[in-house]
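Submitted below is the structure of interest, expressed as structure tokens.
Note that the chains take the letters A, B, C and D in the order they are written out, and that residue 1 is the start of every chain.
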């Protein structure tokens, strides 16, 4: 059974249609890059999956639950962890508090506190810099550190699927490398599926996995990242050659 | 119980209203608040007016005609007040009774004025509730606020030997300022009396701690504090003064009359209020006590403050003027009213002149509250009337 | 010149009331961007809950007869209960509405509460004797000051400490701070929106109850308009403190109390009636100087 | 570039329909011949002016103002100063300058002057306040209202302080109010389609884009503030003449919230919403007040207890807002039925700004 499945999902803002009848599925542990130019509807797609906007049509299933139009917290509790664009750390909270916000959904279950501690230790092991700065205000971290923090924060919820919107936006190339190194490392250690939105396909080609290209709210191409990235079709679809 | 009685009164009023609606009935129109926050102030005075109307009707009416009552609710709203005024005027009112407060009563009074009808404020205590603010056909049944302040100053000076005064004014309403204006007018006339301090606050101030601190910082405590304020802030101010350990005598206007709030300031002492009649059952005039009983019988509860009484006085003096004029025609009734000089009423004498349709001098009973028990201890009339020019400032 | 200590106490006790009010508004604003104009009417409702409905001038004291250790929780619970009820019945349905609509809805709700009280109790103020033990002066550093002033300040400090403890030491507090800063993000991390909002309403309502108790014992009066002037000042304090910043709201509340008391002392008699005009003028200046409020720079954001 | 003529043609229907509504109400009132009803309608027309005045600023700028009733106060007192008998002014308001005490103008001359007086203050305040936006601007406007109120409540030699100012000539004729209300509607419409109005609405919907394209937002807001100050000031002047008496506390929180509620219930960013909000809520209030007085329904006396009117009004307002969070009209305008389809297409993109994708789901 697939982890995430979308069928014919449409997202509208007023009269503007951002996503037009998109369908796809994702398996457990799969890495899926969604790429495409500005305004392709990538972020809207992610927001619909996370429950931030209710789709105007279609159906979304996560781990065998219909989550169409459900609230973000319900969806999060079903195993989706979202890392939105622009990082969105809780600037006034400390680094450690940021990490703990998402653990509440398991509160009260057996061995919850102990697991919190282990998870925290794991995140600190993955991102040692966060441990050094655990007491400082999250708003004072650098962009790269904040990106690590939000990924760590998402991990703390023990997700089955992590959705990341433009992780490389506004970061220096060497920091982006670091972020992706950590992401691949994580995927290897946990059975974690990744749904990553990036504007360019370069990262996808480097990391590997599956890639979809969106444009004008629709999926134009879907296939292996490396194979697709080098294809002629990719180039023309991305820039819209030959359509007019 | 109270509701049943109130209902009874309402039925009585309705019976009055629906009694054979003869064309020659005399019509009294009440453009007063039957709902909203003014209702608590209009209703008691209106009930007292109804008592007088009922007495007159039972005694055969006025000029041999029955008095019929029409009412219109002002909803405690000014614009709605004008509408209520028009409603009762169009219903043929010969006398238009308007809301207790000048601000809320004047729109209806102005309607009556332009229709050439006599209007009377139930208990307004501003000089504007009359010729100066509405016009030559308008009267007030109560006494000017300034007289209250002047009375308390003169009384405290003569009877309590007060020489040093402190003045604490709540700038919230004209009524409050009126009390202090009368006090200010009287003080220079009292030889050797000095004002050792003065301060202001506003009725809805959350706390008057700063004002209290200033009083306590005085080198010597004043012989009396003139407190010019009204409900609801008055209780708060009095309580804060006493809680802060200030025990000096407090002089007030009539607005704080009543025992209903005394539980808020347990064992209040050294507290003085001027009243037109006593609600405490100890009025020197036994007829007032009899009236209180009647009021209780009609409404189910004792008068809560002295502001019940002007309603009765109002119908009383107007009816006498109508009797004397032999007509309800406004000009003739006004002329008769203006002839009244110290006209005795149940609640003190009344004087109306062509210059002033209000009392700038009046007999006041002085109520002292001691250990939380209010009682009449004295009676005082200021030595000279406050001149109209001083009232207009 | 009155003693400096006394002036300081006056300023602190007035500021305490404003600060408690501002907190009640800021808590709700933080989680749902609602400026709750019904807050003042909740304060009034709390005090009237001690009386039995009657339009007679003499109040029929009902719950007001409880001993203090029951009376205080009762009033706080009434405030919390009414606020939560308001959230369930009204505000929950306005989550998608724009702030102006929510504000007018809250005003309409306050209007309903006020006229409900008016219908049950009439507009005449009722006297209530709450915690009469507080109505006496005490000796402090050579000055005789009302005990209530001291208690007000101590209660405010205690409430603030308790609030800090709840917000910093409990999971609920963590979720609430996260939600106040970025509501959507908090939800995407599984924070239950309705629970947090209801908690904020309950806390805000309990604060209204605390104000009602202090005001009630200070004034000895229950009046249907009694919450409105605090509400206005609290509203202003919330904005100049920096909307969403709880610490800023408290600070601005104390500041407003301080400015108000200072003006009462500093202004000459003729200018004193214009005190509030000066205070509001100062508010405009502060807003021009810091439109985002005193404490709202991103880094300087509150950490209560 | 916009062509003025086409804009006028496309939007002229709105003021015409709204004026027709007002006229119909007036004709019905005159036909009914009831003076109390006449007074009620005068009150409704004054509210129309007030709320339309609020719309000019709030609707076009998107900034909620709590301060406009301050201008109503300024207008009302200015009208009182200009129209009272000199003798009364000399007695009651001795602090006024001599020339003003000696002046006595007919109300229809005084009213526009009073409105201009209010507009001048709107300009002065606006110079400072229009730099703010969002909730800071709202609070600053409220502080302005409170300042005006406190000053007018205490400056006894000029305003009579809390004491009512009386002696203002009373105008009970309906037509001046009808003309003024229609004038206000036309002014609101003319401002909305003027360059300033269009720029301001663009800034409201797309602040970043507007700023980038060189729109001076504080300046456009100031224009709207002054125009709306004039209209609310005019409403104040006529309010004074409708009752013949003014006090500062008339023009404070109660009136502010009443007017704001009517605007929001009608639809904050629609001129038609402003007018309909007043008409619908006023009708509702009158119906409820009628019920309070008691209505005979086929032999059965139907009467609600006194005081229930306000409670019912509050509940109904909440209900309207629950089902129509953007008010009855949203941001649409009344247009000819034929043209509606085309207009809807024009207006629609704007409505997208009202949806909040980040809002909370239940």
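In the analysis below, a residue touches a chain if its C-beta (ideal position, glycine included) is under 8 Å from a C-beta of that chain, and two chains touch if they have at least 3 such contacts.
The structure presented is a predicted model; accordingly, all values stated were derived computationally and were not measured.
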What chains touch chain B and also chain D? C
Would you mind checking which chain's C-alpha centre is most distant from the centre of chain D? A
Which chain is most central here if centres come from C-alpha coordinates alone? C
Let me have the rounded angstrom distance from the C-alpha centre of chain A over to the C-alpha centre of chain B, please. 74
Chain B-chain C separation of Cα centroids, rounded to whole Å: 36
Where chain A and chain C are represented by their mean Cα positions, the distance between them in whole Å: 41
Just the number, please: Cα centre separation of chain C and chain D in whole Å. 31
Touching at least 2 other chains, the residues of chain D are 153-154, 306-307, 310, 355, 358, 361-362
Provide the list of chain C residues touching at least two other chains, using ranges where the numbers run on. 118, 184, 187, 193, 228, 273, 276
So which bits of chain B are touching at least two other chains? 36, 39, 171
Using the touch definition up top, name the residues of chain D that touch chain B in the complex. 34-36, 38-40, 43, 46, 91-92, 153-154, 156, 161-164, 166-167, 170, 242-245, 247, 249-250, 289, 292-293, 306-307, 309-310
Note which residues of chain B are touching chain D in the complex, please. 34-36, 39, 72-73, 75, 78-84, 86-87, 89-90, 102-103, 106-107, 110, 114, 126, 128, 132-134, 171-174, 177, 392-393
List of chain C residues in touch with chain A within their complex: 171, 174-175, 177-178, 181-182, 184-193, 298-299, 301-303
Residue positions on chain C within touch of chain D in the complex are 32, 35, 90, 92-101, 103-105, 107-109, 111-112, 115-116, 118-119, 183-184, 187, 193-194, 228, 232, 235-236, 239-240, 243, 273-274, 276-277, 280-281, 283-284, 287-288, 291-293
For the complex, give me every residue of chain A touching chain C. 50-52, 71-73, 76-77, 81-82, 84, 88, 90-93, 97-98, 100-102, 104-105, 107, 137, 139-140, 153-154, 157
